[in-house]
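Please find the structures below.
One chain, subunit A, appears in both complexes that follow, with subunit B as partner in the first and subunit C in the second.
Entry: the complex of A and B
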């Protein structure tokens, strides 16, 4: 990845991450840089590897899965995925993860308070009981749970879906991590509740300065919430694009096809939506060349040969500070009409 | 089963007429998940039912196709009260109303081939064997699963392909009405578009009528002619898609529509954040939405009197816009302030008071 426009050290830097389950490589060289306080989205359809990236970064891959390549740096220090004790120290205090389903991530037989306290004690074993209790209440308040003293004594089943997700976010930010990875944090929630949780994430970014990596299938959500979006297909990031230009400016044919399949407001009713023919290739038998080529309306014979180049679609301008590089892994990225 | 002219049959009686439908769960302290719900569906129409979890939309679907009994009320299909049918009479009528479920993985027998799966409903409903093969092949071609797909088993199919099998199973009977219960929620976006397009094409071709149950507002707007908004077991608003999405009158509809994530740059209205927590049950008295309502939370009448679903006054007539609210149209999601482009509402009937929060 090229130099960040911001001088600050990236909160998270991933270079060439590779993950394999047995012989099958499911993440095939993913780069990702997240600056402090930044909101980055990772989108893609089922099986593209987006959740695997999240789990791999946390060192939580399921049995059989392993990181086979790449370098991960959190707040300037390199993560060693073979050192379990170092990983334990990192999880929660530097990188935190929020899962989709708060009901299965919370322990049903422990009170909400004791679950937040557990996270605190993990990294600050010497904290006094009173301090832990005070901090728990403070955290619940910060995530927008009213009456924290009473709520701390309650159990997960006494919380609604939205409140559970808030509690889980409280656990995740208890130790002030640099990066919060949220894997489909609102998918199980209703839209009005989702709006509240997204607002909460926004306020945490503003208030705590935590960076957020939002992993989701919902392009509308990432484009609204995130500063930058990474689009994944078959284990690779095929496009990295600033949210402002995602709709109307996407350059990769896959991203464009995804966007065209959405029933967005304002699209004339009765007009048929476009869809992508075929299905994503099985990762165990990828086509040669660009993985998307067999389904791509723009593919040429040479797309099926060799790795497609990463094309810079637009450089960030010096004037617009904070804008990101826009790249696409497609040989025809500059030819595909955008808009 | 009769061949349907896809023309304007709308003038006559509705195809499906539901009146005062009630469905309760639980023993002594039972709670009516659907509380006096009425709706009409005309032939050839697609009616959407939207709402969040717990609003009763899936209960409605199951009650309509008689997977669950109905406590009270009538469900008339072409004048026949389905709610009163039992046994053989119910089985006979069943082919006229079909259902497609959300989960394409749980609704197909993994040991039957695609061809057998699509043939089964015909066999069950007594179509003679010599007629079945042609109907099945035709149907499979229509949903794009002809050729060697027909001999595959469900585990060898993708989610989208399975959902197309489920759709073929429902439509091969040429039902009068098809209840689609979240038919695309389990699918990836690019596949969702394909399934919606397929459903619409079959509707045009066969003159089908759909009841489309969903929590996905964008899909409802795109796919439905009319939409009902459900909140805690009651209809709070009914309108044509165009009207509902352009000018929702119920504060809940307004909040719901504004809450859906929208691609950056396309948002037209600011999000309305609701107060507090969703309730699991309707309160004893008053409007079910009152506790969360930006408009009515502090108004006496909203807390004490449940509003009736009545035709919206002042709205362009003919659309059948109905709303159950004491103060309809009062909550207007603020237009996004970016380029305060003056969009003068042509004939805004209600005093569009702004800034309610």
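Entry: the complex of A and C
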């Protein structure tokens, strides 16, 4: 949580981010502000553009993808996505990434130690060998890998999935970045390991004061881990909501439908889970008006005309000043019954 | 890991298994070479004595060559003689096969090693640039390597001689052996003139030997070089798509450094085994290029041996090739096992 008395300079500020693959716009104007030490979740179905946002912020979109609009500021300085050298200096030192699949995220033929050291050496070339080794061991200890000296000499295949993700988190925090982007960091892990990795991220954030953007489809995870949640649908943020009011307070019909489709432990066996009819629209042929309207139970004829307005659902309370504004991009946001 | 005894025994077991495989392969190769040569029509004894010899003389030579013994005994003798380097007498050369091959092997080896160097260096450079830069360069590299794969060696050799050799631009010597005639070969150490020239401190001999090597080595390197280029380009394209490359970039490593340190490294490992086979094929497959360039290697002896049904030479060559292939393959596997951490038996 932000302990700063005044609204501090945001660690990451994104305004109107647009990303296109060829002619198809997959991210259509995303706004996002993350303050130091804050944890913000980005959730949505696969294909909604959430992973693209993560890669676009890093400047690491796959070939064919490009940032077509918007402004990104990291710790107060504007990022120029056409300046590769400046991007290389920023990546790893100010903005770093924890990737989806720990099994394929490490080079199989380099030792764990050399892969952590690579991040350190890139940004502190004058560091001595001994200092690098000591720092690598320190980092492995910090992410909860026992016997760091021995583990540093090992190779990825000698690490379990959870241990690999810990090593990757060590790589990501090696240079004390301002922002850590975690793209589905727990999806490939089994449930008990997931909880451990989340706890680790949580303690690191509190210890280092790093801002976290957690990209995931797991709405339960974000509500537990994050201060604030952004719900994405078809390349846009349709609702921004403080996570303590997510369950019971969601205003956008899409968010509500997502929450209702979560399995609840203890529900009688055989009862069908709620689901959202239809499928997300192809980004190359979006419906007019609100993109969710064709699947929405609350849709009215006017929903298919014009961009839906951004409605302020509730002003932040005094206690949470500067952190949480609850908005939804839906003309009926205030009419949809919540809870 | 923490169990040195079990990992040592695992390494021993693996080594023993590899050795058994090698022996089985060699035995099979020896059977094939033995049977094929005896299935060929024609009587080597008749070839030696000539068409006018009396039956008595013919029978005498047959006995002398051991051709009257039962086949299994002939095979056992053949194996024993090969293992003890008694590769028989080559009547077409008038000398022991061992001596003939020993005299000519260094020339072939030197040619093959330089061709291998050209092929590997060329393939690594072209494939890396093509997969890093992509676009038109990758297209050109693809077309050139496809053409390279489909072009006959002797044709390339002839074109190179005509264009660059003494009858063309005169940049490099044509088909005139290993050294210019007024130069003395360097003192014999390895038999490779370029190496011996350097060892003896004779830069002129080194450069002259290299100039003579250049055209035949390039002709010989073209097909394996094109093959390795295709292989390395495909491997690098695969590795470049792997998520860990994005992770490396996310540390702030530039695209070129990430490609060199991670993509190239990962792409080279699976190519090492193929490189071993390429080396073996270069040593045993230089016959055509050797005859175009008048190169005094084993290729020419082999051609003569086949034409004159000189069993001893051909058998020795076939089995020697099998040994080379198996040795190159085993060596390549051993190198891969050493440099690939996933295959390394942990000794920690």
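What to note about this one:
Methods note: the second predicted complex is superposed on the first by the 322 of 339 C-alpha atoms of A that agree within 3 Å, B and C clash if a C-alpha of one lies under 4 Å from a C-alpha of the other, contacts with A are read in each partner's own complex, and residues count from 1 in each chain.
The working rule: a residue touches a chain if its C-beta (ideal position, glycine included) is under 8 Å from a C-beta of that chain, and two chains touch if they have at least 3 such contacts.
Everything numeric in this text was worked out from a predicted model, so none of it was measured.
In the three-chain model built by superposing on subunit A, subunit B and subunit C fit together without any clash. Residue contacts after overlaying the shared chain place A:84 against subunit C, while subunit B stays out of touching range.
Contacts of A:163 after superposition: subunit B is touched, whereas subunit C is not reached. Taking the Cα centre of subunit A as vertex, the centres of subunit B and subunit C in the superposed model span 80°, given to the nearest 10.
When the two complexes are overlaid on their common chain A, residue A:244 makes contact with subunit B while staying clear of subunit C. Legend: residue contacts after superposition of the two complexes on their common chain; A:276 is shown touching subunit B, with no touch to subunit C. Applying the stated contact rule after C-alpha superposition, one finds that A:13 touches neither subunit B nor subunit C.
By the touch criterion stated above, A:46 is placed in contact with subunit B alone, subunit C being left untouched. Within the superposed three-chain model, A:223 lies in touch with subunit B and out of touch with subunit C [touch as defined at top].
Of the two partner chains, neither subunit B nor subunit C is touched by A:255.
After superposing the two complexes on their shared chain, the closest approach between C-alpha atoms of subunit B and subunit C is 12 Å.
Taken together, the two structures place no residue of subunit A in contact with subunit B in one case and with subunit C in the other. Residues 45-46, 160-163, 190-196, 198-199, 217-221, 223-225, 243-244, 246-248, 257-259, 261-267, 269, 272-276, 279 of subunit A are the ones that touch subunit B when the two sit in their complex. On the side of subunit A, the complex with subunit C involves touching residues 55, 58, 60, 84-85, 88-93, 96-97, 99-101, 104-111, 118-119, 122-123, 150, 153, 155, 157-158, 168, 171-172, 174. On subunit B, the positions that touch subunit A within their shared complex are 52-53, 158-160, 188-194, 196-197, 200, 215, 217-219, 221-223, 241-242, 245, 255-256, 259-268, 271, 273-274, 277-278, 280.
Here subunit C touches subunit A in the complex through residues 242-244, 246-255, 261-262, 265-266, 269, 340-342, 346, 348, going by the rule given at the top.
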